[in-house]
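After this come two complexes, each holding chain A, first together with chain B and then together with chain C.
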Partner chain A sequence: MKDTKANAAAIDVRDLYVEYRTDDAVVRAVNGISFRLEKGRTLGLVGETGAGKTTTALALMRLLPDRVSHVAGGEIYIRGDDVMALPDRTMNLIRGEIISMIFQDPMTALNPIMTVGDQIKESLKIHNSEKRSEREIDARVDEVLELVGIPAERKKDYPLAFSGGMKQRIVIAIALACSPDILIADEPTTALDVTIQAQVLALIDELKQKLGTALLMITHDLGIVVKTCDDVAVMYAGQIVEYGSVQQIFSPGDHHPYTEGLFGAIPNVRSKARRLTPIEGLMPDPTALPEGCKFSPRCPKCMEICRTQEPAESERDGHRLKCHLFGGEAHE
Partner chain B sequence: MSKKEMPFKKKSRGREIWRLFRKNKPAMIGLAIFAVILLVMIFADVIVDESLCYSFTGMPLEKPSAEHLFGTDNLGRDLFARVIHGSRVSIFLGIAATVAPLAIGAFIGAVCGYFGGWLDNVIMRLFDLIASIPGMLLLLAMVTAMGVGMENLLWAMIITGVPGYARFVRATVINLTDLEYIQCARSYGTNNFIIILRHILPNALGPIIIMMASSVSGTILACAGFSFLGFGVQQPTAEWGAIVSASKPFMRQAPYYTIIPGLAIVVTAMSINLMGDGLRDALDPRLKD
Partner chain C sequence: MLKYAIKRFLLIIPIILGVTVIVFTIINIIPGDPAQRILGVGASEEQIRELNHRLGYDRPFIERLFNYVRDIVTRFDFGSSYQNGDSVVYKIRLNFPYTLKLTVLQVIAYAVIGVTLGVLSAVKQYSALDNVVRVVSVSLAAFPGFWVYMIAILLFSLKLGWLPSSGVESWKGYVLPVACSAILASAGLQRLTRTTMLESIRQDFVRTARAKGCAEGTVIWRHAFLNAMLPVLNQVGISFGMMLGGTVIAETVFAMPGLGSVIVNAIQSKDVPVVMGCSIFLAVIFCVIVVLLDLASAAVDPRVKAKFVKQ
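Let's turn to the complex of A and B:
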């Protein structure tokens, strides 16, 4: 399987829609996003809380809670395999071995009544295609723990015996146990202290170099993006409003007003401004998204057309923008 | 999870629970009483020969004496032997009628809660139907239909007990299913069966144990009650409820005949209740210091 699909992208998402259904409302969490993540590259998925980043990640893993949510349209390919069409058994084999995920909150991502060693081991036992013996699996558990900087003899401890930063390392160790080709890191540092953040990021970066893993970095921290990513997708209200290489996004030039707003909202040491400029307003209610451009109610550069017509995507050198200011008739 | 690591896990968690349990005086008294009852139950044959339950060794309705510690019943059988040996049937019935429906109910509830969907709906509506009939009435109807006797009583207790346990476990499991660590386990490819068995049920075990501890005494009482009404264990089998039932006509002449087996039921139920309360306090994280 691996050889025939050697040319396929690690992740290829085409026009993905995800909805959450409650009794009285349909929440449109992801509205037609497309992106590709090539092998060995890192893509940053940036946006505010509620932009649909985690939902996208869960859809990729096919882990959306199926009681309330479903993929309403689009296609997802993991290394050329159509995720939506795979049988459950195959999907279970893909999860962990080919694609795995680092969860946002290390405090709740570990089973409180299983030792951390057992939790790492569980993944290794499921994906034991090399027929490793019990002893070899134990050795691998030790190895993975050492890799994330936790002494191997602590594998017999329960999650409650670890600090937040150490738990996050264990969550990372679980995700890495089977050396996956693709790693989704869902805000891996949000729940951590700043000092631990740097350590965890350095760790992820080191592992990426060592293992050649493709990484989807979900974050709302632009500092993390510039440090770790090759490409960036800026998400707003379930859409990718701007996509490009880190250079394209972080250098001056044409940008989506939302991206500019994000940059205005982070402190800059060199800036003379006394205050940050936050983006006015809040993310729109996903049960009742505005017509036209989803960002129009908050956009400082909003035009007449923005309120009625959804902007088309324009592209230049791989830099994609979804805004009436650029491309089309408004561009000239 | 290798077998080698299991004792380690049980010890450390068990020790903490034991420490909290030990601080609870009523629970310890309950434990002590129940331990004595269990010992009596296990060593019943050593204490008094079982054949004495069924042989007519004295005059009818003799008062307690050195020869017959608890006196004799209306047929002249030794009441001491009957009460001691009756503990086996009564306690076994109480525990079996709790554990069996609990195990079945826990499994069904976990599957329903985890998967949801139409299967969950169908099973839960069926259970609603069973639960909408008063439990006592349903039990009586079933025992009458199937024929009286200990085995049928047990079956009836299972059928009426399962819906309640299943619903309880289902509610617990639904809360657990959406937790991140379940999602995390799925994210590395764990299949649903293993998730239920290894991640969900063990985490739901606390409430399940509490539920069990608090219903064993109720079940013992219910079984004794049914035997008393004549729907459960039949004469001449020595069982507390059945003995009390047989004593009914002689209550005035020989009050000890009713009081002693009745007391056995009450003391057993109470000791289990006290233990159950202590266990609940020890397992409930909100009460942990």
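Let's turn to the complex of A and C:
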């Protein structure tokens, strides 16, 4: 199975829409995003809280909460397999082995009444295509724990015996146990203090090099993006407003006003500015998105057309922008 | 862990002492004296006084209480019935097996029904199944037990003739009392299980389990249910204690032997030793169950263990 799909992209998302339905509103969390992630590459998914980053990740894993949310349109391919069309049993085999996810909040992501060793082992037992013996599985648990820098003898401990940073490492260990081809890291460092952050990032990077894993890095931290990613997708209100290589996004030139806003909100010791420039206003209410460009109510460069007409995407050298400023000739 | 267990078991002693004093006081506050009840209205003052003296009931309250406790502590003597002189221990030994059998069966049926329906309800929240289970269980819980027992006898014994209406000669005699009380009581457990399961199912670690590739059954039972189980386990344990003391209705309606009717009968005749003996016996069982539950909770959940056990 692996060989025939060798040429397919690790992740291929086409025009994806995701909605949450509550009793009195439809929340449009993801509104027509498309991206590809090739194996061995890292894509950063950047944006404010509520931009739809985690929802996108959950849709990729087909882990969106039942009943309240569903994929309202578009296609998702994981190594050429149509995720939406797969039977549950096949999806269970893909989750954990082919595509794995590091969850955001390590404090709640671990089962409090199972030893961490058992939690890692569980994944290995489900995806035991190599018919490893019990002893070999135990050895692999030790190996994975050592890999994330936790002494193997601590596998008999329960999550409550670990600090936040160590829990995050265990979450990573679970995600990596079966050496997945694709790894989704959902803000893997947000819950950690800075020193541990650096360690965790170094760890993920090392694993990526070692295993050739495709990595989808979800974060709102541009510092992490520049350190770890090859490509960047900037998300706003469920859309990718700008997409390009790290080079393209981080060098001066044409940028979406939202991306510029994000950069303006980062402190820089070298700049003489006395204050940070935050982006005015809040993310629009996803139950009532504005017409036209979703960013128009907060955009300092907003034009008449932005309020009425959704901007088309323009592209140059793989640098995609969804903004009227660069539509058509403006971007040429 | 062992130290904690011993500590918990030792704590039962003051509780039992408290129960002894309270029940002894209450039974003595009830008007009338045992001799009067035994001899009936026709008895003369003289006869009553004499019988009370023989029973030791003419001594002051404090002295009787002290003697009672002393006899238990020093000789493990729970006295004998005022009514017929049977030893209390013998009475309990004779009747308790029936009560225990009935209660154990009830609790098992109750736990299985309540937990299964509760989990199903939670997993399929707002489905037709969930709605039916909720409506039916709440309606059933609203019926008084003795009425349901009688309707069940009417239907299954008299009309259909499937099951006996009384007695414990064969296992069939247990079916109706066990089924009725288990179904009625399970409404509460079903709701509790549903609530804790709904909470548990939405936890992040359940999503982690799914992300690992766990099959749905594993996700629900191993991850969600085991985490939701503590309150459920406690509820089942407490219910066991309650049912143990509450078998009297079933015993009366189905004409079964058991401790429940012994106690009610003893209270009516102010048979102090029997009331006391049975109460203490049930209280000890109840306390032991509660302690065992706490120990089980600590064994299941490391968070609970960490609270009580220093490592």
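Annotations
Criterion: the second predicted complex is superposed on the first by the 328 of 332 C-alpha atoms of A that agree within 3 Å, B and C clash if a C-alpha of one lies under 4 Å from a C-alpha of the other, contacts with A are read in each partner's own complex, and residues count from 1 in each chain.
In this text, a residue touches a chain if its C-beta (ideal position, glycine included) is under 8 Å from a C-beta of that chain, and two chains touch if they have at least 3 such contacts.
Everything quoted here is computed from the prediction, not taken from an experiment.
When the two complexes are overlaid on their common chain A, residue A:231 makes contact with neither chain B nor chain C. Of the two partner chains placed around the shared chain by superposition, chain B and chain C are both touched by A:123.
In the superposition on chain A, contact of A:134 is made with chain B only, not with chain C. When both complexes are overlaid on chain A, the residue A:12 reaches neither chain B nor chain C. In the superposition on chain A, A:156 contacts chain B only, with no contact to chain C. Of the two partner chains placed around the shared chain by superposition, neither chain B nor chain C is touched by A:187. Looking at the shared chain after the overlay, A:242 reaches neither chain B nor chain C. Residues 61, 63, 65, 67, 88-89, 92-97, 100-101, 103, 105, 108-114, 119, 122-123, 126-127, 158, 171, 174-175 of chain A lie at the contact with chain B in one complex and at the contact with chain C in the other.
Put simply, chain A touches chain B in their complex at residues 58, 61, 63, 65, 67, 88-89, 92-97, 100-101, 103-105, 108-115, 117-119, 121-123, 126-127, 134, 156, 158, 171, 174-175, 177-178. Put simply, chain A touches chain C in their complex at residues 61, 63, 65, 67, 88-89, 92-97, 100-101, 103, 105, 108-114, 119, 122-123, 126-127, 158, 160-161, 171, 174-175. For chain C in complex with chain A, the touching residues are 125-126, 202-205, 207-216, 223, 226-227, 300-303, 306.
Those residues of chain B that touch chain A in the complex are listed here as 1-2, 5, 8-9, 12-13, 116-117, 178-181, 183-191, 194, 198-199, 202-203.
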